[in-house]
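Think of it as A, B, C, D, E and F in the order they're written, each chain with its own count starting at 1.
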Amino acid sequence: MKMIQAIVRHEKLGDVKSALTEIGVVGLNVTEIQGRGVQKGQTRQWRGAVYDVDLLPKIKLEVVVDAGIADITVDTIQKAAFTGNIGDGKIFVWNVEEVIRVRTNERGKTAI
Amino acid sequence: MKMIQAIVRHEKLGDVKSALTEIGVVGLNVTEIQGRGVQKGQTRQWRGAVYDVDLLPKIKLEVVVDAGIADITVDTIQKAAFTGNIGDGKIFVWNVEEVIRVRTNERGKTAI
Amino acid sequence: MKMIQAIVRHEKLGDVKSALTEIGVVGLNVTEIQGRGVQKGQTRQWRGAVYDVDLLPKIKLEVVVDAGIADITVDTIQKAAFTGNIGDGKIFVWNVEEVIRVRTNERGKTAI
Amino acid sequence: MRRYSVFLLLLLGLLVLLPATTMAADPSGAGNPIDLEGAMNSIDYVWVLVCAFLVFFMQAGFAMVEAGMVRVKNVANVLMKNFMDFAIGTIAFLVIGYSLLMGSDVGGMFGDPSSNFMLFGESYDVGNMLLWFFMLVFAATSVTIVSGAIAERPKFKTYLIYSAVVTALIYPIYGHWIWGGGWLAASDLMVNLGGGYGALDFAGSGVVHALGGLLALAACIVIGPRIGKYTKEGKPLPIPGHNMTIVMLGGFILWFGWFGFNAGSTLSGNQLIIAKICVTTVIAGAVGAVTAVLLSWRRAGTPDLGLAVNGMLGGLVGITAGCAWVEPWAAMVIGVVSGIIVCYGVWFLEKKGVDDVVGAISVHGFNGLWGLIALGLFADGTFGVYTVDGPLVTGLLYGNAGFFVAQMINVVVLAIYALGTGFALFYGLKKTVGIRVSPEEELQGLDISEHNVSAYPEMVTKDVAMTQEAVK
Amino acid sequence: MRRYSVFLLLLLGLLVLLPATTMAADPSGAGNPIDLEGAMNSIDYVWVLVCAFLVFFMQAGFAMVEAGMVRVKNVANVLMKNFMDFAIGTIAFLVIGYSLLMGSDVGGMFGDPSSNFMLFGESYDVGNMLLWFFMLVFAATSVTIVSGAIAERPKFKTYLIYSAVVTALIYPIYGHWIWGGGWLAASDLMVNLGGGYGALDFAGSGVVHALGGLLALAACIVIGPRIGKYTKEGKPLPIPGHNMTIVMLGGFILWFGWFGFNAGSTLSGNQLIIAKICVTTVIAGAVGAVTAVLLSWRRAGTPDLGLAVNGMLGGLVGITAGCAWVEPWAAMVIGVVSGIIVCYGVWFLEKKGVDDVVGAISVHGFNGLWGLIALGLFADGTFGVYTVDGPLVTGLLYGNAGFFVAQMINVVVLAIYALGTGFALFYGLKKTVGIRVSPEEELQGLDISEHNVSAYPEMVTKDVAMTQEAVK
Amino acid sequence: MRRYSVFLLLLLGLLVLLPATTMAADPSGAGNPIDLEGAMNSIDYVWVLVCAFLVFFMQAGFAMVEAGMVRVKNVANVLMKNFMDFAIGTIAFLVIGYSLLMGSDVGGMFGDPSSNFMLFGESYDVGNMLLWFFMLVFAATSVTIVSGAIAERPKFKTYLIYSAVVTALIYPIYGHWIWGGGWLAASDLMVNLGGGYGALDFAGSGVVHALGGLLALAACIVIGPRIGKYTKEGKPLPIPGHNMTIVMLGGFILWFGWFGFNAGSTLSGNQLIIAKICVTTVIAGAVGAVTAVLLSWRRAGTPDLGLAVNGMLGGLVGITAGCAWVEPWAAMVIGVVSGIIVCYGVWFLEKKGVDDVVGAISVHGFNGLWGLIALGLFADGTFGVYTVDGPLVTGLLYGNAGFFVAQMINVVVLAIYALGTGFALFYGLKKTVGIRVSPEEELQGLDISEHNVSAYPEMVTKDVAMTQEAVK
């Protein structure tokens, strides 16, 4: 099983969620994070003084999927989150050794 | 060492924490996330109009433990977080290669 | 590639960020979490009644870096986040199998 | 003949108010004699000013309700709109608005535009300044209504232009027709019809609320719904506001201010009817709230806070025209109808693709018209035209069908005027300076795109995710 | 003999207020003569109405304090309770409450229940409506006190029933005994005891606050503590509120409104004692706050905001009964005692298993009784019964032990009445419609379970985690 | 000769206010005759009290603006400071402050310190208590200004000492020079210079605002900037506040209260000039806001909310001294200048290393002085010294250069006095009890370190991260 952690734009969350639903990936979770990347930040102003912020709000999505569909999941997210502009985000994938469904205590793939 | 990431219900956080304390697992951290699973969401209303939400607030717990106690930790969380109803959550386990305690720069098991 | 997850003090975030910039690690993301560790919590008061809290706000930093610079990244964070007092935090490292840059669909090291 | 008598009646209040202006401008109040008349005069000033303060404070109420009903990313923008429309409106009102509203009547259509320019010369008079101040806070109330309806998408600059135009022209002209000696209230035709008085509107269900609410309707139609409000199939998706606490606070502030709004409209503290006005006002608000809560409960299964506040406001709008002229039981009836109008208005407009963020069109627009009608129905003939002397104001249920017709004429005229000027204004703005921010800016939120600030820079937010998908 | 003289005294204020009602109902105030009497009448109306507005605004203050003191998941519910109890109370007061409170006395026990039904007929009179409005906002203040105490667990529907019953029956009946010509104030026994007047309560330490606060005590006991409030060993665990900013805002609003509450209770703007009332009021509030802060500082090591606000409110409650009758130094003493009562009251009740979320029982209940006692002690004999004429109100320290006894009788009667009706009501509700939501609903929060909304839909929250574990 | 005539003039208002005090203390107002004089007296009381309530409510406004402009970790502390300075100030004012301010003049320098101790004896009089209450809320306004400027770093205990000292001594002494019959207003020198009156300050641009604002300047310099405010190179880094909604709410509350502040300063409801005062007040506030918004727009590319509120407050401060004496067009000019002063003041101080969190120094300090100057320029000779009778107050532009000089003397004296006492006080506190928390406490936030609470315990926060790095 794989953990797919994707950092995407706020306004792309809806698209990513629907795209995932379409390929049958339902379970996921979402947090707001503050991120920094190539997109080095933006300016804000406060009482007329302009300043640079270097962390921008982004959405972090975590989906655990069966290894077999990891690639298609990654592709789906990449497509749905894409705008082509700096700040589109990143996707990280790593191996998950065990998944447990709390409600049934099932383990492994069936628990996803 | 293993990272045990558990998604549980808000109201179960207290129980899970105490259960972990009892088996000697102290270090952990907690975030509120928005999750979607089999439990497909709920309805809310706004000015008399009912609508479905598909992300529900859950608690994400992260505990890094020595590989030797990973199983018992998982079991403990599963039991403490259990209600038997849809939405009980998931536990994910993966391998952690290194742990560093910032205060002492200790590495590995003793740093947990 | 490695995921370096560091739990540090709120007031150390700025130092850690600059230290990372100095060694050329730009991409990262940040969340506020609630943590428990050796530092068992603190007391607060509410309407004159003192009570213990066992979760304290901390900053969680996630940086994915090339395996080759993982060690220096960890060291940099450790040094920048260090105060020597209980509650300094932890750093966890695990293997990341794939990194995708959403904007370009690049994969692997160049995508970091 | 009759025309003059009404005109006189309308001026009476003014005269009581301005004892010294018959001679020359009195900027210091030196003309206030140390006698009974002077004392009664002082009472009027104290009362009218305190009530004006309360009406001013309603600006804070609107700001809070509206800010609470938008998403985090648009809060600072909504606050700024509420604040700046008052600031700019004050200047517009000083330069031209008040003259058009209250200057000496020109053909029943508007007041002499230069008569009160900057409150110079003859108009630099305490009595006139009292009226200016009171009228200013009323005008500002009307103007601010649009702000909440079209929240989360208009250009800030365009909104400022809108607010200046309404305070300077659109509001004063219609206001003059009713309160400034204009044709709706004082023309022979209308006065004959009403039986001694033309169309009436005690504290402004029509002048302030219906006008503002119908302008909001025009604005909402011209600007179009927010991104994310409707699915591809046209099904509306609720977009919850971010802070119910300040919505409720704003609701309480508005109710608080409304007592000044209605009871201050006697323009006199010597009219004991002010006590009755507070009674009808509080009843209509309470009953409107209860009605809306029950309706929302039935529809959604649980009682809703937003509609409770809307229902209360609807009841207050509904009673505003008739507050001095109807009985407590009638205030209850008015409140019930108001609550119904608010709920079904909100649901109807939402279904029809009109995206009114705070429910302003139903609360102020529809209920403002209802208030005028209700006055035509329920006026019980115990109080005259802003005076205890006759002719006493009497509605359909008490036998005066003519007055009811006068009120209906007012309703129709007002609706045409408000929608006409509203569509003209908003289409004009759309074609020239543009009325709406770009989709990217809208998605990002107006706080960043228009003001480059966050309302809550340290707050971590989450999206309210819906299962159904909206059109982008 | 004496009985009648007091009765007359009490009616005096009313008579000044209602110049025209001796003849027939005057719904328009036409009876207000354009003479000195008329002018003074106008001053009374203006003053009483402005003060009533301020008292109305206290509803917002209560809503903010209570909302701020609960957790995020219960905010909308608390706001709705505060809002709807006023709305429903207005209707209840119109139908029956006011009649029982102020209708012509029936055997010293209550007012004629039909006398003011819907303010029809004789009661459709400006003077009577003035009093109705003023009394309404007072009744609403009393009713809303319970809301905060039992927050985070009651059924919404049950709360609405409670608020209707208290506004319609429980409050008016006791209120009649003190303010409506009932036995505590006007019976021979009490008047003889007091030395020309019976039990007194200038602005309602007892009628409004102690009654509300003791009803809250009954409610808290019947409903039981919140899940998570106590450990298995019975140790209380603090449950911090979610927003100190609005707690403080609410505190300021309440203090602001309290000036209207106390000084408006002259029912006349021609009583210059209103200046003194503001002085004693502000002093007691300030001193109460300082006292509570110092006590909290000593106990917890740091000065606490919640207790500061509670202490201030306690001081205000304590001075309310005697505000017109005591000296500034006495106001200080009253404030110090109030601050102590608040702190130790809060800590004592918490230890005893009474889970009062906002401290209402100590602030309003205990201090309300203290206010009655303090009046019996400190009245300095410089002001009469709502008039500058004698008999002047004099307390124990100034030689009138009888009046002190009268006040103590009032304290005992009030405590029995409030707790008696309170337990009866809340047990009754518990056995019938149910008083508390299910544990699942409580854990989920009342906003979702009772209203299906979030107060802050976009806010990411965290739990305030405590080391010790509570009983679920 | 002249000296006495002015003195008499100044006392006139007081005499009208205190009809019975010429004989003996009248704690109940029994001396209020049931005649015309009595009625006019009542009107004064009603007006002054209502205005005082509004001024009191400004405390809530300050609390909200300041709380909104600090970071989450310091909110409870700022609220507590705002609340406790009023509570402690009330006691200090009762014990000594008011006596120094308004007690019988001692050599033109201060009032007899014991004359009103605890409002005992002769001072236990309704008229005197009216004035005490009004003066209290003014004093509290001045004191609270510093709180916002030095937010996020002072020791709580030290702040309490500061607030007691200012209310007890620093404010009353200067206030006496202007309002209590002291030398700036009533000495021969000044009266001759002014042409029948000395330095004037209608509602306290100088006494209340400039004094408070300049004390804030001294405080900011002594305490030093917040950790994180400046880079190593000395470049200022903005530290955004946490909640724009309550900043705006606070702004509206302040504006609301300011009408009471300015118009109540007639100390009489029989001066019809109150209407004009409201007009000039609302204009200056509106124009100040518009000006500041335009300047911020030009500088940062987008219109800023914080400066909008600051600009409005600056305009209000600027008009406060002259509100009764200048024309509407002059109010506009004053507002424009105020808006400019606020913006450039804020930017200048920030560059110079003075870290004023809320802009209080520019808003209250600089604009307070500007208000005094503006009065000396624009007074139009239509209103006298708190009376409609002459000598009429006339400024430089209307030919009275002497009065302008008198005002400039006042400006210089005030600046020296405020900065002198301010530096003495804050250095003194720094050397003794300490003025600033430790860096660790500051980083952690004063809510935890000073009060051990969180203002929003359940809110998840994020840091506002800046690219440039600040000095720690």
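One rule holds for everything that comes next: a contact is a pair of C-beta atoms (placed from the backbone, for glycine too) under 8 Å apart; a residue touches a chain by one contact, two chains touch by 3 or more.
Note that the coordinates shown come from a computational prediction; the quantities given were computed from them, not determined experimentally.
Asker: Where each step is a move between two chains that touch, what is the least number of such steps from chain A to chain B?
Answerer: The least step count works out to 1.
Asker: What is the minimum number of touch steps required to go from chain B to chain E?
Answerer: 1
Asker: Which chains lie in contact with each of chain D and chain F?
Answerer: A, E
Asker: Comparing the two chain pairs, does C-F have more C-beta contacts than B-D, or is it the other way round?
Answerer: Result of the comparison of B-D and C-F: B-D.
Asker: Regarding the chain B and chain C pair, does the interface count as same (over half of residue numbers shared) or different (under half shared)?
Answerer: Counting which numbers both chains contribute, under half are shared, so the two copies meet through different residues.
Asker: I'd like to verify one number: the distance from the centre of chain C to the centre of chain D, where each centre is the average of its C-alpha atoms, in whole angstrom.
Answerer: 53
Asker: Show the residues in chain F shared as contacts by 2 or more other chains, in ascending order.
Answerer: Residue numbers touching two or more other chains: 36, 39, 43, 46, 50, 240, 243, 249, 300-302, 304, 306, 451-454, 459-465.
Asker: Residues touching two or more other chains, restricted to chain C: which are they?
Answerer: 17, 30-32, 34, 40, 44-46, 50, 54-55, 57, 94-95
Asker: For this structure, give each pair of chains that are touching.
Answerer: Every pair of chains meeting the touch criterion: A-B, A-C, A-D, A-F, B-C, B-D, B-E, C-E, C-F, D-E, D-F, E-F.
Asker: Going by the contact rule at the top, pick out the chain D residues touching chain F in the complex.
Answerer: Within the complex, chain D contacts chain F at residues 26-32, 34-36, 38-39, 41-43, 45-46, 49-50, 52-53, 56-57, 59-60, 63-64, 67-68, 75-76, 79-80, 82-84, 86-91, 94, 118-120, 124, 126-127, 129-130, 132-133, 136, 156, 243, 246, 249, 450-460.
Asker: Taking the complex as given, what residues does chain B use to touch chain D?
Answerer: Spelled out, the residues of chain B in touch with chain D are 34, 40-41, 44-55, 57.
Asker: Could you pull out which chain C residues touch chain B in their complex?
Answerer: By the definition above, chain C touches chain B via 2, 6-8, 31-38, 40, 54-55, 58, 60, 74, 77-78, 81-95.
Asker: Where on chain D does chain B make contact in their complex?
Answerer: Result: residues 236-240, 295-296, 299-302, 304, 306-307, 310, 343, 346-347, 350, 359, 462-468 of chain D touch chain B.
Asker: In their complex, what parts of chain C are in touch with chain A?
Answerer: Residues of chain C touching chain A: 3, 17, 26-31, 62, 64, 94-103, 105, 111-112.
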